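Okay, got some structures for you below.
Paired with subunit B in one complex and with subunit C in the other, subunit A is shared by the two complexes that follow.
Right, the complex of A and B next:
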């Protein structure tokens, strides 16, 4: 044995890995730098020349990656909120306050056996979750999250949304049909009947809004609502919001319209025979759907990423000499207090073992962190972008919470009641909304010709 | 649908059956034995069978119901029983009178005290035992607590079968408190084995009384708040009203008892009709309703909880002093004869018919269980309704499969 060989043998496994990895990494980075230096200009030119394609690819990647933490967050939120409504503790083992439990669930689903039952049609059975998942995810492409932060600004964005969103029922039908199980079949047929029935009031409820906005581009609809919160379309289309939200609940198969996976009636509906990650895709699609429906409600009716007041207003209030410094007083004296309490409240609610002063201390620290993060964000990213994203997410999660709340409190409707409600109540109401809106627009134009 | 051999699994019925059969068909593998069976297992145009159970989230145990469906509508149904049969009646014949009581305990595991009470009462009639008054009061007190626990569970299951997640956990809080205090009294949370021939096993203790007093102070409020979630829920009420209606004549013909009969307007309660124990001394009402539908059955049970609270209150105020067990020999050989005793349980009439041949074991013991009787009328209520309604109807009858299959 040579000296080198003996020294090599004395190294531990990590040592060996590091000794081999470091030279490889050095060589790789040097070649990378060289490649950038040589080809960088070329690549940048290529990207700049094909900006729409680049933008599309980046947007698709970001949207696909974004769905996974979103689904995890909503699943955790549902577990915790329903637990609190049921007077339980809920998840509290994995991670702080059990927040990593949904991640562990995801890993569990990945490791489970992916089983195809006897008699199933393997091809359709395998592709069904993919269709459902993609149909949900692809609708995220047109939703504007923040100023300038959206996948594509289609001028037919709303139509695209409904068209692609309606595709998810194809996946459910495929799953129900190919499982070779009558419960699945019933679930699939129920979902077809339900989604097709509710698609009509859902689409009709926004036609009035399209008339008002004069566009179907979601980005333009959000821009139309900027200014004070009274400019939001919810105040011009109150009936429309109601119809839209109810129909969207049915579209997303959520309680009280979760007939397709009614566990006490047809076991798990279309997903009865699914296991492993194929079931995981259905599960993900459901929660992504919840997010998407909430996001669309916010985008259409609640101002999207707009703040409820014109943006420089709080700055004016704080710093304008005309306000006698009252705004500055609020900023210095009251905002830290509110932030502290706002951060302390969830800590205090979530765990019974934490005393109130401990929660307040934690809230104070978190508020400081939050302020620091905000200051950093202001300094480095640009306030418009961050604020828009925060407003959008905040509003969206209010609606996600509403969905979870409904799941915690409401029983399920029956299939005939579901159909009656769609055709006898929602559809006439949607038509009424449309006629009233159209008439109001005609009257307004004749009274005040622009 | 033809299945390629590559997908054939070992549990495929065709491995053992020579005739062509779908994999999940519920058709029995023998030729029809009765006319009814032949008629049921012949499919009409556009109909299909669906196997609900034995493993299904909402059949309250291992009940299998073969539904004949036309789309979502139930055309006909065939309950298949016996998945939980333990031969309790036969076991009781091979045990002496004391041991027989603990076999009847797990019949309806939700309300065990009533299952004990019926055979105990029958054996006491056989042996002419005089039960001390304090023991009778303790029996009434503990069994009324058990009735509330059972009805609380009914409330939760009912909501769960209709898709509501929260009420079952709220009602389990109620049940848990009651079961905890009964555990303090009897030493067990579920299968109490507390009633003995001639009295009860052990006097009231401090822990039981303090838990009971604590609970009684807030019971009404707590139960009302739990009910409000369902009583004022439009979806719930609309789904339950007019569903599974059964009229008085049919209910009597199907030998229904308990809340299911009282929901059709018959004020029949064994505690009043054929009084036993100290019920003649107690003041309580028999709530009735005239609609006979699922909502009436549900609301009636909620009214019964209030009456049970009244009875518990009176028991606590009138509790006499004295022994809780009669002086009896350890080995008892009653004279040859027969005795019948019935008690009013949370689901109806629990009764026992015991025959003695002079030995220390019952010669024959027949157990009448209300769940089994009520499950018969499911066939009258369900046809014409939707799949979702089968769960609601089944839940509103409140059968426990342990009692059905014995």
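Right, the complex of A and C next:
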């Protein structure tokens, strides 16, 4: 054995790791710096020249990645909220308040056996959940999350939304047909009948809104609703909102219209033969759908990312830290100390039993919270998209909560009631809404030609 | 069906929203345990000591405390000499036949009956007179009786029962509860011999056990302290 080998053997495990990792890191960082220095300008030029493509790729990536925490959050909400409504506690073991349980569910689904029944068409069988999932995810591309935060501002955004969203039926039919199972096929047909029936009132309910807005670009529709919350379309289209919400519930296969997989009553329909992650994708799609439907409701009728009222006190944040000069350095050094002591003092005073180090710790945490709140407030006031995203997400999750709430409350309807309701009530109501809106617009234009 | 369409749905949603904020009924079992019901008194069970004999001293405190009077007990007393029982004979399984006999008017043979020493009860009658035949002053009566006779003869206890009207079992229970009251003359060896004679198996067993454990045999009876 050589000298090197003997010295290597004498090293402990951390020593071995350090001796290998440090040179590798040095080599990697040096080569990275060299690559940036040599090729950086070229790459930046390339990206700048193809900005639309870059934007599209980034948007698709972000949207795809965004669906994962969204679905996990909604699944957790569903478990927790319904449990609380049942006077149970719900998940509370994994993570704070059980919030990581949906992650565990996801891992469980990943580890399960992915089974393909004999006689199934493997290609179609595999791609059916992907089609369903992608049909949901792709609709996210046109939804404006905040000013400047959207995948593409299509001038036919709403049409794109309904067109791509309608593709999920294809996925359901593919799943039902390729499973080589009568129940799956019947379930697939059942879901197709439901989804297509409800697509008609769903689409018709927003036509009145399109007449009002004069555009199908979702971004423009949101911009039209800026200002006070009375400008939201919900106050001009109350019937439209109702029809849209009910039809969207059926479209997303949510209770009380979850006939596609009435798990407690009939065979789970198109998903009967699925297992593992392919099964998981259907449910991923369902929960993403819930988010999307809520987001679209907010976008169309509830002002999107607009705050319900304009900020009444205009704040001029003329913060320029550079002006302070050396004072900035002193400020950075002293302010945390002052804040910590300032927040620790009341804790220390309030009870003699609190030791000084505990008071200081509490003061430090409170000071951090305070600073974070201040930074958040500055960001909210100063940066437009932060406020927009906050309002949009807040409103969207109110509707997500409503969906979960409905699931915790309403019993499932029968299939004939479902169809009757779509064709005999929702469709005439949607037409009524459309005609009344059109007539009102005509009257308004003739009375007040502008 | 309500007249306003959707009213039922709205009321249902309001109900679930109310439930959402109500306190929850779940008990997280391994960490939190539900308190036993207010009147739960545990499980009735006779315990054995480490020598395999019943720990019950037949003091009848449990029967006296029992709020629904569900405890009947009876059997040989702790010395294995005579029957003691608590509760009406009719409700008392072992005594049902005896009860039937008694109602028929025939003399009732008591298989556990053992003739006991005859003692002069004049002193006891004086004590009872002094205490006004009051069953509420049982402890004083018993102490005075023990002072007079040196122990509590069974005949004396029966006499107290007849005169004061207290159940024999109550008197017996009181007497067994207080460790300074004894049923035998304070003579441990005589008492042990009597025990061996009446319950030879146990005596032999205890002797053998003491030898096997190579220690002093345990005191035969807790009350034999003198």
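Here is the rule we use: the second predicted complex is superposed on the first by the 368 of 450 C-alpha atoms of A that agree within 3 Å, B and C clash if a C-alpha of one lies under 4 Å from a C-alpha of the other, contacts with A are read in each partner's own complex, and residues count from 1 in each chain.
Everything below uses one rule, namely that a residue touches a chain if its C-beta (ideal position, glycine included) is under 8 Å from a C-beta of that chain, and two chains touch if they have at least 3 such contacts.
Only a predicted model underlies this, so the values are computations on that prediction, with no experimental measurement involved.
Peer 1: Classify the contacts of A:263 with the two partner chains as first (subunit B alone), second (subunit C alone), both, or neither.
Peer 2: Touch status of A:263: first partner only.
Peer 1: Scan A:255 for contacts with subunit B and subunit C and give back first, second, both or neither.
Peer 2: The first partner, subunit B, only.
Peer 1: After the superposition on A, what does A:184 contact: first (subunit B), second (subunit C), both or neither?
Peer 2: Neither: A:184 stays clear of subunit B and subunit C.
Peer 1: Between subunit B and subunit C, whom does A:410 touch in the aligned arrangement: first, second, both, or neither?
Peer 2: both
Peer 1: Scan A:89 for contacts with subunit B and subunit C and give back first, second, both or neither.
Peer 2: In the superposition, A:89 contacts subunit C only.
Peer 1: Report, in rising order, the residues of subunit A that make contact with subunit B in one complex and with subunit C in the other.
Peer 2: 85-88, 408-410.
Peer 1: Please give the residue numbers of subunit B that touch subunit A in the complex, ascending.
Peer 2: Where subunit B meets subunit A, its residues are 1, 3, 7-9, 12, 23-24, 48, 50, 56-58, 72, 159-166, 169-170, 173, 229-230, 233, 235-236, 238-239, 386-389, 391.
Peer 1: Taking the complex as given, what residues does subunit A use to touch subunit C?
Peer 2: Going by the criterion above, the answer is residues 81, 84-89, 92, 405-406, 408-410.
Peer 1: Subunit A touches which residues of subunit C in the complex?
Peer 2: 9, 12-13, 15-17, 19-20, 22, 24-26, 28
Peer 1: Which residues of subunit A touch subunit B in their complex?
Peer 2: Residue positions touching the partner: 82, 85-88, 116, 118-120, 180-183, 186, 190, 255-256, 258-259, 262-267, 407-417.
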